[in-house]
Each structure stands twice: as C-alpha cells, then as structure tokens.
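Order of writing sets the labels: A, B, C and D. Residues in every chain begin at 1.
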Amino acid sequence: MGLMTGQQFKDSLNDGRVIYYKGERIDNVATHPAFVNCVNTMALDFEMGHDPKYKDLAVVFDEELGEEISRYFAIPKNGEDLLKMQELIIKSTELGDGYIPFSHDIGADVINAIIITANIMGDQDYIDRINNYNKYLKKTDKAVVAAVTDVKGDRMLRPGDPGQAHPDYYVRIVEKNEQGIIVRGAKAHISGAAYANEFFVIPCRAMSESDADYAVAFAIQANAKGIKQIVRPFVQGRSANDFPNERPHRMITDSLIIFDDVFVPWERVFLCGEWKYAATMVYNFALLHRRTGCAYRIPLSEQFLGMATAIAEYNGVENAPHVKDKITEVVIYLETLKALCNAACFDYKMIAGIAVPNPVITNIAKYHFAHQYHEIVRIVQDLAGGLLVTRPSYLDYCVPELQEEIIKYCGGKAGIPTETRLRMFDLIRRMTHSELETIALHGEGSQESQRMTIYAEAKKTMRYCKNIVDVMAGIKKQD
Amino acid sequence: MGLMTGQQFKDSLNDGRVIYYKGERIDNVATHPAFVNCVNTMALDFEMGHDPKYKDLAVVFDEELGEEISRYFAIPKNGEDLLKMQELIIKSTELGDGYIPFSHDIGADVINAIIITANIMGDQDYIDRINNYNKYLKKTDKAVVAAVTDVKGDRMLRPGDPGQAHPDYYVRIVEKNEQGIIVRGAKAHISGAAYANEFFVIPCRAMSESDADYAVAFAIQANAKGIKQIVRPFVQGRSANDFPNERPHRMITDSLIIFDDVFVPWERVFLCGEWKYAATMVYNFALLHRRTGCAYRIPLSEQFLGMATAIAEYNGVENAPHVKDKITEVVIYLETLKALCNAACFDYKMIAGIAVPNPVITNIAKYHFAHQYHEIVRIVQDLAGGLLVTRPSYLDYCVPELQEEIIKYCGGKAGIPTETRLRMFDLIRRMTHSELETIALHGEGSQESQRMTIYAEAKKTMRYCKNIVDVMAGIKKQD
Amino acid sequence: MGLMTGQQFKDSLNDGRVIYYKGERIDNVATHPAFVNCVNTMALDFEMGHDPKYKDLAVVFDEELGEEISRYFAIPKNGEDLLKMQELIIKSTELGDGYIPFSHDIGADVINAIIITANIMGDQDYIDRINNYNKYLKKTDKAVVAAVTDVKGDRMLRPGDPGQAHPDYYVRIVEKNEQGIIVRGAKAHISGAAYANEFFVIPCRAMSESDADYAVAFAIQANAKGIKQIVRPFVQGRSANDFPNERPHRMITDSLIIFDDVFVPWERVFLCGEWKYAATMVYNFALLHRRTGCAYRIPLSEQFLGMATAIAEYNGVENAPHVKDKITEVVIYLETLKALCNAACFDYKMIAGIAVPNPVITNIAKYHFAHQYHEIVRIVQDLAGGLLVTRPSYLDYCVPELQEEIIKYCGGKAGIPTETRLRMFDLIRRMTHSELETIALHGEGSQESQRMTIYAEAKKTMRYCKNIVDVMAGIKKQD
Amino acid sequence: MGLMTGQQFKDSLNDGRVIYYKGERIDNVATHPAFVNCVNTMALDFEMGHDPKYKDLAVVFDEELGEEISRYFAIPKNGEDLLKMQELIIKSTELGDGYIPFSHDIGADVINAIIITANIMGDQDYIDRINNYNKYLKKTDKAVVAAVTDVKGDRMLRPGDPGQAHPDYYVRIVEKNEQGIIVRGAKAHISGAAYANEFFVIPCRAMSESDADYAVAFAIQANAKGIKQIVRPFVQGRSANDFPNERPHRMITDSLIIFDDVFVPWERVFLCGEWKYAATMVYNFALLHRRTGCAYRIPLSEQFLGMATAIAEYNGVENAPHVKDKITEVVIYLETLKALCNAACFDYKMIAGIAVPNPVITNIAKYHFAHQYHEIVRIVQDLAGGLLVTRPSYLDYCVPELQEEIIKYCGGKAGIPTETRLRMFDLIRRMTHSELETIALHGEGSQESQRMTIYAEAKKTMRYCKNIVDVMAGIKKQD
C-alpha cells in the first residue's frame, strides 16, 4: 500500500469492469489502444509522486498515518493550502498537455464536500464514514472520480416528478437493508471513469421532500456488480492527416455510468434520504469543482495564447495592428482567469472547518472561462487563416511528387519552415475542435448555473451596496 | 449543347484531371467514394434546370442565343435581378442542406467582375473576350469556379517583394508569346474545383507597378496540362458514430490548385499586366462574392435556429427564460442577415452597366454573419447540453444489451423518442463542427477585409455626416 | 380649416391648458421661454407643408375630402407608402436636428392601430368613430400625440390587481353615462404633449377580464377639464458654458399627464371595456411606433457618425488604426439601422387592410438601435478625449486675459481653429448626454419588450426551421 | 508642522493662487461656494488622520523622522503595503461618496515613480532631491497632485515635431540657469489642482532625442508666479430639480494648468533633458496611477450595484428573470474589479526597490473598469425606467396642488414611499451622468493605452506560451 506508481495504477485497472466503447466491449482498458493514452494521462499524477522534480508538490506527509499521501487527500485549512493544490492541478495539467489527470483531483472535491455536509449535519456516523473512507484513499492512493450529473430526463421536472417518463432519470435508492443500499439510475459525462478505481456518486441538485429517495451519496468500486460504462467516442485527437508527433498523445474520455441495482455497503454510504442536505453537498462540490475546472483551464488558456502568438508569427502578420489587438484579447482572457483563480484562494472562506475558495469569485472565474471561450477560439481560427482547414494533409505531404510543391506553396514568413507552419495548423485544428468547445461550456456546470450561483452568493453584497446608495440618496441615515 | 443534365455533368468530369486526396491520386472524381457526395451536390444546380418545380427560377431565356441558359450567366440589370439570383442561391442551397452547389454561382460573380473591369478599362479587346467566353459558358453550361486567393507567403509583403521566400506565392505570368501566356503559382481554398469543368483565375489584391506580372486573370479547363489539385480532407461529415440517415449526404471540398507553367491562350486572358485594374477586378468580385456568401448562409442560419428550437424542446427546457433568451438571439442573427441581404439588393448600385448589391450593406451582412457565428454555435451547444459530446454513439446503440438502457437513460422530454434526441445531437455535432467555424470566418475574405471595405465605402457618408454636425455645432453654415 | 401654418399652430396653443414646469404654472407655452424651442420644433412639420421644397413629401391630396392633408393622416396601403412616410419622418427630424416634430407622426401610429383594432373587432360603430375622428384631424390638421404608457405602480402586478397601492395606476373608466365616459389615471413620458392640440389615450398592455375598466382608448383635447400636465425638466440643452450658436435650438419635452375624472364624449371613445382587444391595439401601436422610433433615429445616428468623424479629425487622430476601427463600428451601427428600416418596409405585412412594416425586423431595428446606443456613445466620448469634460467653458473663453491662452493650448490638429474643436466638444457633450441615453433605452418600449416581441413573432419561423433540421437529422421525412 | 487637520488644510489654500471658474477669477477657493464641496472632499483625507476610527489606516509612524506621516508618503515594500494603501484609498473614497480626496494619493504615485526612475538612472543627485522633497512632504503633509497629461496639439505628432502649430503643446524647458529652470506649457485634466498645495509635473509620454527639452519633471507650489488654472465646469451635481439632501455634497474638479514661464529651483527638478527616462517615469506613474484609479472605482462600482438593486426593488421588478440577469452582470463587474485589484497586489513586482502592483493585471483591471462602464450605466438606466428622465422635479413636488398627485402617481411597489423612489431617481440620474462616463473612459489614460501596455507587458508570457505549443506541435523538443 501507500503511493502507487504509474505502473501499479495501470495494473490495478484489469479488474473485470464492464466498459463499452464504440459498440465494443473492452477487455482491459490499460492495454486497449483506444484507452492507452487516457490511462497514461491519468498515470501522470502517480508518476509525479515519485518524481523528485514534483514530489514536494504532489505529496504531503500525513501525521496521523505517518506516511506520505497525495496532496489531494489532505484537507485544506487555509488559502495557502488552496493555492498549493491549485499549483498542483496546474502543473499536472501542464504535463498532460492541457488534460488534468483526474486521478485524485475531482475526487478530492467530493471528499471535502462530503465532510462539509457531514459536519453541517452534525451526524457523527456520517463524519466517521467519510473520514474512514478518506483514510482508506490516503493509504491505497486509489484513483477516484466524481459521478455527479444525472441523466435528468425532462430537465424542467424534479427527480420524483410523475411527469418524468420513468423514475430512474436520477440515481435513487431502490432498497435499503441491513448490509447497505441498492441503487439504480445513471450518471452522465463522468470524466476518467473508465480507468478510475472507484467513483463517488452524489446528487446533482437540491431535492425536495418528495425526492428523498434521490438524496443519495456513496462510493463504489468501478468493477462492482451491476455497473456498466458506455464511453463517448473521442474525436478531436490526432489523425492520419496530421504530422506524426513524438510528443505523448494525451486524451481523456467521459462515461455514461449505468447503475443497474448496485449494492453499496453502509460504510460507503454518505447520504441516504436526508434530502435537505443534497443541496449542501452539491453546492460545495460545485464550488470546489469549479475551482478545479478553472485551475486546469489555465494551462489550456496558455496554449491558446501560444497558438495565437505562434501562428501570427508563422503567417508573418504579427505586427499588423488588428493582429496585436486580437492577441491582446487572448492575453486579457488568460490573465483575467489567472487573477480570478488566485483572488479566489486569497479571499478564501471557511465552511465547516474546511477552506474553500471564494464562491462568488470562483463562479465568475468559471463563467469567464466558459463564456469567452468561443471568442478565443474564433480569434485563433481567425489568425490562422483558411489554410487551417484547406491545407493539404500529411498524407499528401508523404506523396513524393507533392511534397516539394507543398513546401513551396504552403510556406508563410521567410525563414519559418513550411513544416513548422503546417504542424501548428494541425495543433490549432485539434485544439479548436468543437468537442472542446462543448466541454468548455458544460464542464463543471452550465453557464446558467454559474450565473444563478453568482446572483445567490451576492445577495449580501447587494444589500450592503443598496444601503450605501440609500444613504447617499437621503433615503436613510448612515448606520 | 445547351443546359446539361446532372448526369451529363457527372460524365463530363472524367477528363484526366490531376487530383490528390489524402495522399491518393484520384482517377475519376465522379465515381470515387470520397467525392460522390460532392459531385451530387454540385449536380443539384443542373437538376434544378430540368425540374419543373425550379426551372423558372434556375433558367432564363437568352434572346441573343435564342436558347435557355442558367440564370447565373445572365447579367443583372437591376435590383429585381439581384433578388431573383439571391432567391436561386438560397433555394439551391436549401436543396443542398446548406451547401451551395458552386456550379455557376461563384463563377457568375467573376464574369460580372471581369465585365465591369473591362468596361471601366474601356478596352474593346477585353470586352469582346469576356463576352465571348460568357457566351461559351451560356451555350455549354460548364461548371466554372473562381480561383482567387493566392497562397501569399508572408502576408505582410507584396507579391513582388524580394523579401518573399520565392517569387511564386502569387500566380504570375512567366512568359508571353503569340499564342498566349504561361502562368505559375498556386491558388488556395478553391471550393468545388475538384469537380468543376473550368476555373476563373483572378488576382486577390490590389497591385503596384512592381507587381505587374501578378496582375493576371484568365479562364482555364480543369484538366489543362500543368494543373494539379490537392484536396483538403473533409472531416465534419457523418461517421459510423452517427445514426444512419437516408437523407442524401451533402459535401463540398476545397482545393489547393498548383499551376506549374500552364499555358493560357489569349482569348481566355482577361488581364495581363494592367496592374492598376487588379484592384477593380478583385473589389467587384469580392463584393459580388460576399453577396453570394451571405445568401447561402441564410439556409445555414435557418438550420441553426432549427437546431436551437428542436433541442430545447427535446431537452424539455423550451420555456425556461434563459432558453427563450438564447433562441431570441438566434432569431435576431438570422433575421438581421436576411434583412441586410434584401436591403443590399433593394439599395443596389450600377457599376459600369451591371447591377451590384449595395457595397456597404453587403459587407456588413458578411461581417455580421461571420463575426457572430461562434456566438450562435455557442448558443446551440449550450442548449444541447454536454450529452452532445458524451452520449453513447450509434455503434453502442447497436449492441443489443445496451440499446434498451440507452433508450431509457438518454431520453429527454416525455413523449420525445430517445432516438429523436440522439439524432438531433448527431446533427448538431456535425453542424457546429470547428471546420465550419473556420470556413464561416474566412470564406469570402477575412473579417478584417470586410471592416476595411466598410470603412472605405463609408467615406462619403462620413463626410455627409460630418457636415451635418459642423452645421449643428455652429462651425459652418448650412450649404 | 385645412393645413395649418406654423404660426396658426402656435396660436392654437393658447387654450387655457394646465401645464407645470419646474414648479411653475405656465401661462402660454407658445411664448414661454422654456417652451419656445419645443413649439418651434413641433411647428417644423406644419412649415414643411407650406414649403415648396418639402410639400410633395409632407402633404398628399385626399380624394374623399377633395383637399390636401398631412401625409401622416393617409392610411398606408403598401410598402411604398411606408417608405414615403419613413422618408418624411427622416426629413422632418433632420430639420429638427435630430428631434422629430411629434405633431402628427406618433398620432398617425395610433390612428392606424385603432383602425386595425376596429376592423379586427368588426364593430361598425368603432370603425365609424375612428374614421370620423381621422377625417376631423385631416381637416383641422391638429397636432395630436399618443398617451400610452401608464404609471403602472408595481410593474409586476396587473392594473386591477388588489396588491397595487391604489386602483389608478393605469387609466381607467370610473363612470359611463349617456354622453360618454369619465376617466381617471395618469400617463407618463408623453412626448410633445405640452404643446399638442389633442392626445390619443390607449392602453399600454394586454388586459385580462378583471382589467376590463382599464381597457379604454379615446381622444381628448389638451385643454379638457381635469387634465393637468407636469413637464419634465429639460437638462441636456445648451448652457452658458457653450459657445453661442445661431443654429435654432431644438428641444422636446415629455409630460406626466394626470386625468382627474375627465369626461370623454362617446364619439371620441375607441375602446371601452373590450379587454381582449387591448392587446391588439397596443401591439399594433407598438409596432408602428417602433418603426417611427427607428426612422427618427437615423438622423440621430448620422449625427453620431458625424461627431466621430469630426472630432477624430480635429484631434488629428483620424488615421490611427484603432480610431478607424471605432469609426467603422459607428458606420456599421448606422448602416445596419438604415438597412433594417428599409427591409421592414420592403417586407411589409397587411393587417386588417393596413400596411405595416415587418414586425420582426422592426423590433430588431429598434432593439439594435437601443441596445448598441451606449456603445456608440462610448466610442464618441472615447474619440473626443478627456477635454470633452475638462476644457475651459465659453465663459472662460470670454475673459480677455484667458482667450489667447485657451486658443493656444486647446488647439488640436494644425489648421483646425481651436474654436472649431471646442464647438465640437460642446456638441458632443450635449449629444452624449445621459438623458438621451435613457430616452434611447426606453423610448418606444424597453429592450425586454422588444425581445419578447421578436421571440413571439418568430414562432412560425422557428417551426419552419425546426422542420428543416428534423428532416436533415432523419427524424422525419420531407413534407 | 506634522499632520494637518482639515481646517489647517483649508486655511492653507488662501495663498493668492490664480484660479478661473466659469469666467470668474476666484479669490479664495476654500470659501467660494463653487469650490467648498471640493475642498471639503479633499479635506477628508486629513480628517481621517485625526479620527480614531481611521487613524491606523491613514497614518504610519516614520522611524527616520520620528513622527507620524500620511501612509501615502511611505514607500511600499511588499504586497501587504500595497493592499493597505489600497484599503486606504477605498475607505477614503467611501467617505467621499465615490470621490477620492486626491490630497496625497496620486501625489504618492508620482513620488514612487520618480524614486524608481532616479534609482534606475543611478543618479545620486536626483535620488537625493526626491528623497528630500518626500521628506518635506512627510513633514508638512502638503496636498500634492499630479500634473501629467499635456494638451498635446496634434496627437499623432511628437512634442518637438515641427508640424505642431506651436512648440508649447507639451510642457518644456525654455531656459536653464544657476538657480533652476524656466518652463512653459500647459497640463490638462488635473484633478484637484485648484485646491492642492503643490503639483508634481512629469512627462506624459516617451520622448526621443529631439524632444529632450520636453523631458522635464519637477514639483511646484500652486501659487507660484506664472501659474494660472482654468477649472472645468462641474455639471453633474445636485440641482434645484433634486430633493434636498443633508448628505454632504461631494465634488471634484479638474484644471487646465498653464505654465507661463514658471521658475523652478534645482532642488525641485527631477528630470531635465534625460529624454530616455521620460518613458520610465511615465510608465511607472501610469502603473501606480491605474492601481489608484481601480481602487477608487471599487466604491463607485458598489454604488452601481446598489442603485441597480434598489431601483429594481422600488419598481417592484426585482424578481423578473431579466432583471436578475442584469443585476448579475453588475455583480460580475464589481467582483471582477475587486478580484483583479487584489490579485495585482498579491502578485506584486519589485522595481528598483519599490513594490508595485502587477502591471498586466493592473492594466486589465483598469481596462475592465473603463470598457464595461457604459454597459453598467445602461443596465442601471434600463432598470430605472423612463421616469428617470421624465419624472416631475422636486420643484413640482413643492407645489401644494401637485404634491399629492405626484405621490399618488409616481409610486412604484406598494410599501415603498414615492419619495424614496424619486430620491433614487435623483441619485441615479446624477451617477449615470455622461460627465462621469467620459471620466471613466479617460481617467488614468485611454483604453487604447491600457491595451498597448497589456500587449507590451505580456511579451514574455507570449514567448512562454508559444514555446509550450511549439513543443506540443512537435516543432521543438521540450527545453
């Protein structure tokens, strides 16, 4: 036990789990060609723990256990801890060329959300269970992801609304017994689930009394009986049209996880019918998760600034005023994101004993990232020019009678090899792919949910500011 | 001779032309699986001429020739003619599910631009040549496309600038002799070229005296000696992940056309060193071409409004205020585009005897379309939700043990079959593809070029308006 | 009788009406210094009817009456009529330096809305009444304005909601008798009312059955017993700080009109409890009124382009790329507005026998104007520079020992007299005044009301477009 | 000596200075009715130093002098110092109802910029002079403002360009002698100058060798011989139309300062011909000044959120979805500004021994504030409704026969007194005044200057990011 190596992690995945991908049942995700890049990306997090260059960042010493654990599994106590965890997310995402490993990061967001909820409930049983489970994770270093979003059915209807086509659009408790509970339903968009060891399952919304059966949270092994994953096709990756690239290929997939009457023992159950606390759990998870989402978009945003800078230069237009103007927009985008992320840590808040990033700023950061994303894509595509789409492919480049002409005619600025320009087109094409656009919009919750949170969180500020102007207008005296 | 049928057109393509696609030399584009959908799309225009439903729109009677010709080859004389041609573009694009056939439409833009240029030059030789060539097109009904954009090299340098890595970044005259001229260079992004009969080649920018060899315009057969096309990979189409669809698949490709010392006889040469008129030709082509570009984006924009409306309903969120708000944005986008297109025709301008759509309004229409496009994509992806990317693919749907569960869990609003929702995701995924984004940005010229044209065209209005305020401010008396 | 001259109009205003302005009871608006500029502006419309330069535009021959009438009082029968009326609005607003005279223009919008409503109701009595009243207007040429917006109280509550602080927040019928009705309530923001001869009063919203007493429309003389006007302070005008300006000063004011149990004879009552038709009347008025609103903003937008152009030149920055960029934005703003206005006329619609501009396009035009207005203000203030606010005033300029230094130090580009630059600052300061911003936002209804109308009007288009994509997605066969 | 009281400060102003306002020569600004509110606002800073509530924030103990000094005159050594100074700016601006006192704040920005420049030059003479002058300020507590922006003439021409209409558009040295220098020229937009004790004068741009005479920086008393101020008319204040308000009226004015051959002794000269360092001085001043500008806009932005919240409630629309949406925008505006300001301090930079806020983030903060300002104004005016402009004035309210009706008809939500609503309109009208818009745009430099700085400062980040994507694209190996 203790910190896993990358290889140990990979070996742990051959556990009989049920995975489908493009209509095929996958035997071992760790070795299947469609998943090997994903598994390697997730393994980065484990490798950092053994790499002298990153160990101090990735690993902390746990006094209670007397051993080293992943930093993610340590409870943040102040803004410094939050900044350090943010630094770790950023660094591992950099190593993943923009993909966060997902091994412990989002899992940690759930752990903290569950602890906060248990503390607020003041239920010692739940407090013990989550602490014990966290201890188990610290010791085993398991990769654990978060299964939150239900498939929902009609999104305007509550989980238990009889108007829903069936009662299983949200994961629910279908039976309770001495040993534990049996659950049914499905969770969508679960990143990294296909090659994680375990999942957290928590509600994705506030519940009312009639939704009590849906107010359920638990942890479960990926290979538990009754669990089946259907993995989304990964489209935006490298293809035969692209120049070959020795840089490791990074990938991530998302799963639809189906829970077909799955048994969960009590010690892994963290919410079971206490519908009032579904909101507490999902609120705190969403907050922490949006922080994580913003952090790992910093390296991604750096890539966009890099692509804008590079292709402007390779096309020879870097000094045109409108080009500088567009690059400036990307700078503003990136630096605003970074500043918001940092400010959210500096201006942290304690909830039930755990340090969380500032809720308003975190939601603004996430909204900023998602809402402006398409504009940034537009700028990079704009700077690239139409050749981004219409250029000859690498397959053409390999035809001897074409290569010379491609080199001649697809050149940009003198001194920049044509291959350099074409490779940058390959990268921009991949990075401005519409799949990533959709993920930018919907990852960590829709823009609408962020706006609603911003409004709700700002109520107190609104009152404070209203008081100021009431005084200024002579409506009331200063307090 | 006379109007070709779709089949005659297809047969005409097996002419020995040199086409490469994904590294493969294509024998006959009309029958090659990678191109058959493209050729069918281009053939739509010919089929309309023989279809009683569309004939009145697609075909006009030419008094001089005493026969029916494509409406595209008739010179527009007034706003009514422009509106009628716009209607034809829109209708054929509707038949092409958003793809304009490219058989005559853009070719017609070049014809008119060349006639205007010849008339302005007042050179009877050129006037005769283009009229004769137009007569030839009327009679033969050839599919003719426009090859305009040069590969450019360093985009900040003029064609003849010695700083360019070589002198062939813009198509140029390398020799003149008694029979004609010999040209060298390459044209990029040439839509439909792989399955057109002929191309127009014209300059893509204003020229200075030292660029005289680059001031060249001509027409040439696709299979002329020395011409080689490299066709861009078409990526955003249907795949095995999508539900099968009986609706004909529409496609279009773009070519990089390389002119390796190609001979052009004098009767097909329309500009040859008169560098002052390169600007006239490209200006008028760009104007007409942008009109065409706007017109065929009307059906495309209707598709976006359709997708927004449909997926909001299928997800059951059509009555949420923020959803109505987003759909309203798409309505504004579409209706503004239509209004601008119509207003440009109503407020047309005569240039050298030819009716052209209003230049300022046309450029604003194109800019509107391109500049807001990513925002519209964002809205549709936003309304769709993350399942757009993470849903199981059709290949999963075909697995017997998965199908029932996919139907159960991927349902949206009660009463809407899950397959309906999944099919709409397939379509949205295809239609919001990043390839189309890049084409929206760069087709018919960059946004920067439209802004520059708007500014230049508005000079007179600016003076008029300045005079108004000078009078109001008491700076000058009313004229 | 017949067309009034400007002087006859002015003389007609000394009729005992009750007007308050800044706490003062005004005796005769036509001669009071605070109103003389307003009255002169309204008189422009009458003067045009007698000016050979404008008569053909301002006046038409009425076959039935056998005399000349204001074009505004003729019912529009087609798009040409709409364009002609638009041209008249634009021209009279130009003469008013951006202020529409308000003498007949908005009144005509009400006449047409009432005729449409009467026709749709099919009530011959109402049809006769409005036709007779219109005939009276044609013959007397009275200045008649529209009193539409109620003061509303709590804007989330219906007129008859018992939660309202009192029942008079919307104008209502308090009594019906043999001679007519008695009404109570108040109408807000009534432009030009202080110096109009008569007012139309119509509902400002859809009504439900419990609001029947509020479903009332009528015409009334400005000096009728029980009517009292409180006129808003006009702030953004010229001041002693500005250079003196021989150009006539144009102004307009808005009134709060209080109806304190005012009697209206039956022949002037056009709606009286038919609550279902309140929506018809206000819908059609809003549509026509927004058209009028857009039309008179064309000259205003031209002034903004003029100010941007002028001050850029006077500051010597007209060739800086970012300045050209900003001016281009103003061009796009203006030309889009014009194109939308024209397209709305071309694409007109017949409602109950009357030609109305296209509803979707008209609402988009109004929304475009209002929504972008602050951005245009920003651009002009940006181009002007901080001296716009911090420059010495004309009063300083008049101090002998300062004048020379002001001329020396407040100069911009060589060759432009300092006074020219300072006068342009005066004008920009006046024209970018926050009062005008608010009026741009709220005149002719809020942006939200335009968005709601756009959405509602586009329902049919949405269905049409949804059908297209359902076919493309293979969900349904083509019809 | 030592810290001045408010009264001591006021008394210090009666020093014979030459001030013109609206054409009138002002005898004593401290007592003149047009200035008394300005002087009181500036005095706030002095009062804080003696108020136990604020003293710890406003005052620090200077070890060297052994006495208390204004915190502004202490050199910031780290992020904490920057945050503390920011807190002081915010607090004093709150006391000034949105107006920063200007007594020491901007002056401190110059002191630090001059020290940085002197340190970078490594010129001991200059280092001593500024340290001595700073010591003088610490001891005397003088109010000192910054005179930076020259009047410029043709803004596209350099100071010394012969194309300028005269050589005095930028302040320049006309003579040097043993005692000091003689300067001529004018500085524009100098906030608070009319009632400051002294001014700093520094260049407003980078200089070239031919501009050496314009590379001049110094400090001077407001009553020095040859100095004349023309003060801009303050327009947006309270008027007779507004409800009377016991809340002290806050104001600030800006001056055009004319230097008519003014003598400056050497010990107060901080730059004199070293043209290469003009850029250093203005760059560092602009950076610090923009920080100050952002900080004092935090209270202003809080007022906007307050007005949006208050008027939505008073109108009874606070629960309409589009209203919540608009308020959310104001929250995002405010909180982003605060987060950027804080992040700029946390991520501070040491320049020549002085802590300065992060340059990129500071410029983004300022740009954010200014660029979105008009949109926030629009939202508040939108939420207010048209009554903002058209409501009866307080003068009407005072008319006995009108008051009851105004109360009746201008009410909004039940339970909110009409006077409350009208007072909020008064405030919003004043606060959304166009003067403040222009100041928001141009204060602390134009938006274009911020964009240029952001681009320039981000060069290193751009290189870093380009390297990342070059590695990802396989163009280069990881370093």
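Criterion: a residue touches a chain if its C-beta (ideal position, glycine included) is under 8 Å from a C-beta of that chain, and two chains touch if they have at least 3 such contacts.
Computed from a predicted model, the values in this text were never measured in an experiment.
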If you check the contacts of chain A and chain B, which chains show up for both? C, D
Between C-D and B-C, name the chain pair that shares the greater number of C-beta pairs in contact. C-D
Between chain A and chain C, what is the separation of their C-alpha centroids in Å? 52
With chain centres defined as C-alpha means, what is the inter-centre distance between chain B and chain C in Å? 42
Going by residue number, chain D touches two or more other chains at 322, 325
Which bits of chain A are touching chain D when the two form their complex? 94, 97, 243-247, 299, 302-303, 305-307, 309-310, 313, 324-325, 327-328, 331-332, 334-336, 338-340, 342-344, 346-347, 360-361, 364, 367-368, 420, 423-424, 426-427, 451, 454-455, 458, 461-475
For the chain C and chain A complex, residues of the former touching the latter: 321-322, 325
Within the complex, chain A is touched by chain B residues 20-25, 149, 151, 153-157, 163-166, 168-169, 185-186, 188-189, 228, 230, 232-233, 235, 240-241, 254-256, 258, 260, 315-317, 319-320, 322, 373-375, 377-378, 381-382, 384-393, 395-399, 402, 405-406, 408-415, 429, 432-435, 437-439, 441-443, 446-448
